[in-house]
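Going by the order they are written in, the chains are A, B, C and D; count residues from 1 in each one.
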């Protein structure tokens, strides 16, 4: 179950402290220009070690293309990508190799598989998300051919919530802040958590514009369902909202419904999705990240034999996983939309006639 | 894309105003006692027309078993279920057959498929959830063999939020209220919305207990990801929270992490899921339902030709879709857990040896 | 695992002596005219009881459309089909309810599921193929929109092998014989087997013309692989050949290779498939059916307790399952091609641009 | 569509003249000892350049384990394997970079994807089968835990057909001949084809013993169907037979049916499969390989512009692809059985109780 998507399928492999992280992208149409510098720019946004708001593990995160591209174009065959690990320090984990870290997957992986790769969380490490971003970059290249843009930024850190959402500004913010007036307070909160050997949660906002209406496969691979799975399946995300999200449950129908007129929808409470399909309005999603579970305060835990232990975590960790996580969330949404774009192209007989019979 | 699940697969078909709603359940192990009275009791909980807080469409919702059961036991072959429509009134839709209802899937289905089954929303109607509940009942029968219980109730209606969560009380509440002290206020809110020809949102809480640790398939069919998809894919749900949910984004690591001792987890901020797998603690999920989009107030809209129209909805609709929706959400979570239970049974070589070689 | 196909997915359910046989067709594009009289004509070709070369079980095999069609057109939502059983005689099986019939699935189903539906083979009965033909008929309707024809007939019965392949003639032959000069000898062989309370094998030839080149999904859902699975998965088929088939293993490269010139391929040893994809030449497949396992001669067997027993089969059975089986094989190939047609439509970026951007 | 299997899923990537060939194995249970020397021994059996009956391309075919193994055991996470290309000579293809080679996938890939990787067939090259054998080796390691053996050898070359089937002898034969008395004649036929700049077809026989009865997922992922797909999807295979195979179509029911007594099946016409599931008898499959399409005789063809050309193939090619192909076929069957073994373990409620409740 290491494959994501139906028509555009991404299979990832690799562990935090193994040889590296890889993925295979299957189902990408032939003829897409694979712009390696764009992939690199996406990797850079997720890369660790960029500044003091991130883990100090420094990884080049160079993406090597192993297959599926010839003379700069996708060939329709599977694209293999490989990102070598260059900066893993397994010795950081020696003292807790038998102790389950609170808030981590250690305990559940041990229960699932009956054994443990204790080095940096192994497969469960957020390092795996490097492959997601590399694949997401390719999805974004595909979406660009159809003028679909996916963007993200930080909506809140702890209880410091933004009220302006400037995706252009976010690009150059060290913490991808959407609201420049809140950025300093948000940074301060991260730094204070870090200085207290603690961590803090945050919320990412992701938007996608210019989706053709009708994307999403009812009833069990809907656009909203697929987005929710893609995001909730990311490490640290504990809640997903679409459009008005949790507010919807306190609204009246007359407040929530988006009326239409000849110019389109008058409002966007739905977040661009109706009946599980894109309605042409801006797709709007919020992802709530819990605080990084790796903190440097001593915590009560048990070991693999069930004996109580004090867990003291070393290593290098993000004080706020939402920051770099926002880029991963954006990548996942790009992958979902690309998948839906491929799937939707067979939903009408008239579409197939355009492809095969040249009828327009 | 009308199939849900990986090992336990449910395929549904049928429309609100067609012949009926059906489903095929594939992958259910042989030898399970299929208790039809239990299925009936689950159907009754979701059934329309029970009281004044629900739509007045009355459906017997009798589940006919078409296949896969012999002498009261599942045979391992696909179980076909059929629920005939008996009370559809398509004439209620004549006046809006060319007009898109705000908040509904009408517009997006038309864009997706290029044609429209205007009768009661066709396939997009919440009536399809009858099949989900029938399948969910069978999933619950399977889970009971392993002492896993899934329960649900209403957490809030509009802004009336419960603070006690009594699942036993909820069973007999007309609105499945978890908090008996808030029930009257919650009912009053639904009634006032109904009397104003409007509708109101609400939140369902779903819990599952006694899951063996390790359920969930990393990294792309995690327990939390699958739950999020299952719920967000339900009509009207706009946000899903697991454990502390949206609160997580405002917490520090030291607050959120669940420490362990020799008795188990000391807290349950995670909602029973770590690293996408059950940790043995109670699974806790909240589903936020928007208000029913069908309201009787006139709304601005357009028709299939893009011309502005006033949309006046007739018919019979729930004033608060969260109430009956909570039963559907519970059913979906039962299906997810059952799926994960089957998948998990091949995750260790030692499990297979128990099956094939009788080694314990 | 009761679902067939990737983009066009058919899920079947039901047993020989249960309520009936059903299927759900998912992924069919919206806007296809569903010609019920064509479905009926296909069902008639497979129907039992037509003449003395077939079982005497008479079934109306009326296909009821439960969902997915509105005003004569497919809506893009799943099409539910139902074929009621009207002529099952379970009493025919009373004397062998605990005895495994040689050549049948009785023993293996019992081992797989730990219990037994002894009535007419239950799920393993060839009666299930009624659903395949109904679904295949809809696939053929889709293929006709692209001028693709799929045809079949009997190539040989026992050792009486045809040398002319007249698919038009086969249509009106009682045994679907392709070679009118061999038809009488083939019929005589079936009749003599029947009179000896025995059964006889046979070979069906299936052809498909005017496939666009490029259909088939390398490397693990190739056109030839999918056809082989579809056919070998049919009851009684023990060998599948494509193009020159078994002869290929005795040929030199210079004999087998199909050279090309400006008019196309000069020969068709490949049977229309190269590298797992259609090459535009006629697709040519042979399916080898074993003799019907149900014979009326006494046979040595064991019962569910492993005790030796004599098995005496009653009931009504085809003396040569290849005859009606040829229609099922044709239906399966139609389903495979339709699936591949849908899948292929996303293989080039330029195809998607035609759909979404109207570029030709 | 570069993934094979349902519970044990193998995704391959890479091209003949690219960086290498890789695969990801997903779904393998945790706790399996990964014996690298065994993988190496399987790779050696498929390796090119071993003797004069094989292509002279020499590849070390070293399998690098990228992920999923820790301290010698499978961890339950995906196993990434990588086999670097070390001996590709793309210049061999310069003269035919625009010409379609008869019998090859060149034409169909060009039609499917609209572009061409002309170097050694790119993705369609048999070199991809290196990944299949590496994955198959791991499947064999899993099967060995359950005492299931899969073996293969050459049954015939051209019209020289063996009549003894000695799998032990085949292991050490340069052409994996099963019949030592026919080996010389078979070798002579390969050599004479090679000397005539031609190629020759052949048949591989694959057997698997000690399968538990009940493996195979009816009705659309049967054991025989899955084997047929796995083999027919291999380059050069044009026919697949199970058990008596093509002979079945000339038999009477009384000849073909395998009677049973208290010791088991009296014969094995079925080849170990009834109703699509293993019956406990030896699984017996024949795969018919066409002659290698790459021959050195000039052949008539066309180029990418449709203009007639003479195709003169250079490079290094197997004179008889069946020889090394037999190892690939064996690997694929091991993968199919392993997949079915995993899937079968959820078919009875009692199996799950053994896993979860420790009931035997």
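Throughout what follows, a contact is a pair of C-beta atoms (placed from the backbone, for glycine too) under 8 Å apart; a residue touches a chain by one contact, two chains touch by 3 or more.
Only a predicted model underlies this, so the values are computations on that prediction, with no experimental measurement involved.
*Asks:* Any idea if chain A and chain D meet via the same residues, over half in common, or different ones?
*Replies:* Same: when the shared numbers are divided by all numbers used, the fraction is over half.
*Asks:* When the contact pairs of B-C are compared by residue number, which of A-B, A-D or C-D has over half in common?
*Replies:* A-D
*Asks:* If you average the CA atoms of chain A and of chain B, how many Å lie between those two points?
*Replies:* Centre separation, chain A to chain B: 26 Å.
*Asks:* How many angstrom lie between the CA centroids of chain A and chain D, rounded to a whole number?
*Replies:* A distance of 38 Å separates the two centres.
*Asks:* Measuring from the mean C-alpha position of chain A to the mean C-alpha position of chain C, what distance in angstrom results?
*Replies:* One centre to the other, that is 44 Å.
*Asks:* Two or more other chains touching the same residue: where does that happen in chain B?
*Replies:* Residues 1-3, 12, 27, 30-31, 76-77, 112-114, 123, 212, 218, 347-348, 350.
*Asks:* Over in the complex, which chain A residues touch chain B? Could you list them?
*Replies:* These residues of chain A touch chain B: 1-4, 6, 12, 100, 102-109, 111-114, 123-124, 128, 156, 158-159, 193, 196, 198-203, 212-214, 216-222, 224-233, 235, 238-246, 248-262, 266, 270-271, 274-280, 288-295, 297, 299-302, 306-308, 322, 343-344, 347-348, 350.
*Asks:* Okay, in this complex, where on chain D does chain A touch?
*Replies:* On the chain D side, the touching residues are 1-3, 9, 11-15, 18-20, 22, 24, 26-27, 30-31, 66-68, 70, 73, 75-80, 82, 112-115, 117, 122-123.
*Asks:* Enumerate the contact residues on chain C facing chain A in the complex.
*Replies:* Listed in rising order, the residues of chain C that touch chain A are 7, 27, 29-32, 74, 76-77, 142, 145-146, 212, 218, 341-342, 345-358, 360.
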